Amino acid sequence: MSFLQGGGLYGGYGGADILHGCSIGVDKGEVAVVVGPNGAGKSTAMRALFGLLDLREGSVVLDEKDISRLPPQERVTLGMSFVPQNANVFTSMTVEENLEMGAFVRQDDFRPTMDQVFSLFPVLGQKRSQPAGELSGGQRQQVAVGRALMTQPSVLMLDEPTAGVSPIVMDELFDRVIEIAKTGIAILMVEQNARQALEIADRGFVLVQGQNRYTDTGQALLADPEVRRSFLGG
Amino acid sequence: MTDILNALVLLANFVLVPGLTYGSQLALGALGVTMIYAVLRFSNFGHGETMSFGAMITILTTWWLQEKGITFGVLPTALLALPVGIIATVVMCLLFDRVVYRYYRREKANPVTYLIVSVGILFILSGLVRFIIGPQDRVFADGERFIMKARAFKQMTGLDQGLAIKTTQGVTVVTAIVIVALIFWFLNRTRTGKSMRAYSDNEDLALLSGINPAKVVAITWVITGALAAIAGTLYGLDKGYKPFTYLGLVLPIFASAIVGGVGNPLGAIAGGFVVAFSELLLTFAYKRVIAYLTPGDWIPEGLVQLLSTDYKLAVSFVILVIVLLVKPTGIFSGKTL
Amino acid sequence: MSTNLRNILLFTIMGALLVAVGVIQSANVALAILNLCLISAIMTLGVNIQWGYAGLFNAGVMGFAALGGLAAVLVSFPPVPEAWAVGGSRAMLGAVTGALSIVLAILAFKMIPGGRRLRGWAAAAVALSGVVLMRFILDPAVEAIEAVEPARTGFLGGLGLPIVFSWIAGGAFAALAAWGIGKIALGLRSDYLAIATLGISEIIVYFLKNEDWLARGVKNVNGLPRPVPYEIELQKTLWVQELAAKLDFNVIELSSIIVKLSYAGLFIGVLAIVFWLSERALKSPWGRMMRAIRDNEIAASAMGKDVTWRHLQVFVLGSAVIGLAGAMLTTLDGIFTPASYQPLRFTFLIWVMVIVGGSGNNLGSILGGFAIWFFWIEAEPIGLAVIELLTSGMGEDHALRLHLIENAAHTRLATMGVVLLMVLRFSPRGLIPERGK
């Protein structure tokens, strides 16, 4: 059983099921990546783990506790953090205020955590008083991730963090992801850029039509000729 | 030289002082409307009647205080009564939210539905206020009437033109400054205020960050209820209280909010003054001012008035139309249309 | 029960209420209420065309009604020769200049190439210079006209035609104004459209209250000619006197009843025509297309429908109906009172009629018009009776009791608000819901 484990997930957004019994999970300090073709249910599965949709069947377990029934706000207090793909920063608020909002549920002094985020993403430190809406796409992603880190989560979930950014920015972001994982946080990531994502993945899930097709380490999946042919363009 | 000073005093007396006063009143009203728009995402047509309600409670309390012999010296007694008006208005706003608006939030109703609902509340408040206090004019300002009398000014400066500043005008401007400063401090320096801005900016992300929507909504009503009570009382102090007039204020208040950028508090303030001064400047008779400023004894024919004073209200609307056509997001780029 | 049976039942109840008023209070009162119900019904139909067909929230009903009233004056009042001689042509020139500058400003906005800002400032400049020019031309003329017998006339007068023509003219005035307003405001989001129309209607009424040379402003125009006989004349005719004797009615009362019945006949005729046309339009392919647009604007515009143009059509048509009703109202009153056009009485009250009756359904609009107007009028005596009952425990001269009784009339505002909220919450589709929903 992994630290965060979603098993046998069936569900959708109200109509037909999108998930047909898949399972994904991640351990502390691990980077787990979920890839697959469009419509495979990657984002849906992750959202299900966070409680953003109703599961018809299946369970979500965090640190051996069943959290399947809890609303997202409570999961935040239990140590889960979610970075949506779009609209993931408060554009009218400064970088620093975004981070403050990230720490909203905390009662203690979060300055040290903010300093950690600034050392992880130095650019944010330079632009701390600028409205987040004025930053470039890559910088905004950093703000989004930084906001999610302010609760000192045990699990960080990222929904397509490199969507629409340049290759250089993508590399930088993945480097940061590895750094974050090294601090002991479990990272679950849905990605469209499968090849690059799998390269940093300790564990990889290939989902097709709401079901697990392949599950293995990132390196193994990259080396697998079948996986390469079907999903990585050979 | 004295001519120029006379011209300036004339402008100050008939444009600057009334403009600052009226602008403050509009700004406070627009601030309330813009906050409701930013957080609750609808246009509240009932805000004028909310102001009327707040003023009414304050007036009733003022009468009670006056009967008991309690006054406030040179300042209007109404200022002592104002906290009661504020509390009553806030309670009423929260009540209406709980009984009426909350249902529509759950149903995710569209903006027009909210508008119609606010019209219903407008009816109820309108009837309630007129029933309780009656429709007639009430003057409830007491204390010293003038901070500066025109005659005293003329004696002091030796000029022909006098500058009169009423106590109510001074009270309005000072109160407005204090309130605005408080609101800005709240929104920008406190955790709760920032959470409101976050909720207004991106509701989903705010929920993901653990911000409690019910609390944000409640605080919004508390603030706007207080603002309505204060704005309504100040307006009533300055111009006399008649329930009827508050429905007519809805238009300039919305114009102010939209001109400044709806959803943006700074915009509401700026918009209030833009509208107030435009109304005054466009309907002012410049005859004497021009006479002072031109050399010799030449006096222009006619009043040199662009629009008759009857059209004051029209000015605020024309400004609104121009803004909607040229830059719909307003001066400070509030939420887009 | 089936829809038709339900509708018949509702209307029967309405009719019974009116008859009850006739019996309990008087036939005259009941007929007076009936006539205003009819007019309200037509106004509600107009608003419903905009709201039910296209989802447009028009908060400017009072302005269009006022324009209808203006038409009644301008068509039926005899011209004032002295005023025309002194400043008529110059005033006309001024008015034309004003109207032209508005049109040119709108056209400038639409047609000058360049960014939105540039076009906006250009349009504003055109409008502003037009206003200045107009003032220059108009002012001396206005002064002269208003100096002609200000107590009795002091304005240009009208065309002296039969007042029934003004009903069409009222519709035309309103349609014209709606075209201009629609061109400016229809691209806006729904609640902004509401604010814009509210503001424009305020301006229209302001204009009418201040431009004395046009319609005497707040001095009002009374003595407007009638399409039906006068009570005084009727009282003198033989057949009326005989009828009064036979029915054991007071002659004066009978003449009054006959006059009201005549108006009612005319109004019912107009209502029937408007209703029939509205129903035809609703069921036509045009009507279906309008509702398709209303229900899914994005899909419709993706299919190539020019949504704004369709909205403009609906806006103009609905406003024309409101203007028509406004002219009828002024005809009934016999006097044009600009100050009587208040947002509460017109815009917001009509909206309650639309919502309660059933938005999107023409029959519902008629019922809503009847029901709410009836309630609005009867709420006053009923409210008074209730208050008197509740305060009967206090002494006759108790200050609070007197105060409450004096202000009892205002409770109808509050009850109207409660009615609106209740209907919105518990029966949002109204008394007669839209078909197929």
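Per-chain numbering from 1; labels A, B and C assigned in written order.
Note that in this section a contact is a pair of C-beta atoms (placed from the backbone, for glycine too) under 8 Å apart; a residue touches a chain by one contact, two chains touch by 3 or more.
None of the values given here were measured: they were computed from a predicted structure.
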item	value
Two chains joined by the most C-beta pairs in contact, as defined above	B-C
Chain whose average C-alpha position is farthest from chain A's own	C
Identifier of the chain whose CA centre is least distant from the whole-structure CA centre	B
Distance between chain centroids, defined by C-alpha means - chain A, chain B (Å)	47
Interchain centroid distance [CA atoms averaged], chain A/chain C, Å	59
Averaged-CA centre spacing for the pair chain C and chain B, given as whole angstrom	31
Chain C-facing residues of chain B, complex	42-43, 45, 100, 103, 110-117, 119-128, 130-132, 134-135, 247-248, 250-251, 254-255, 258, 306, 308, 310-311, 313-314, 316-317, 320-322, 324-328, 337
Touching residues on chain A, where the partner in the complex is chain B	72-73, 76-77, 82, 84, 87-93, 97, 100-102, 104-105, 147, 151
Of chain B, residues touching chain A in the complex	191, 194-195, 197-198, 201-202, 204-212
Sites on chain C touched by chain B in the complex	55, 57, 109, 116-117, 120-121, 123-124, 132, 135, 184-185, 188-192, 194-196, 198-200, 202-203, 206-207, 209-210, 343-344, 348, 351-352, 355, 403-404, 406-408, 410-418, 420-421, 424-425
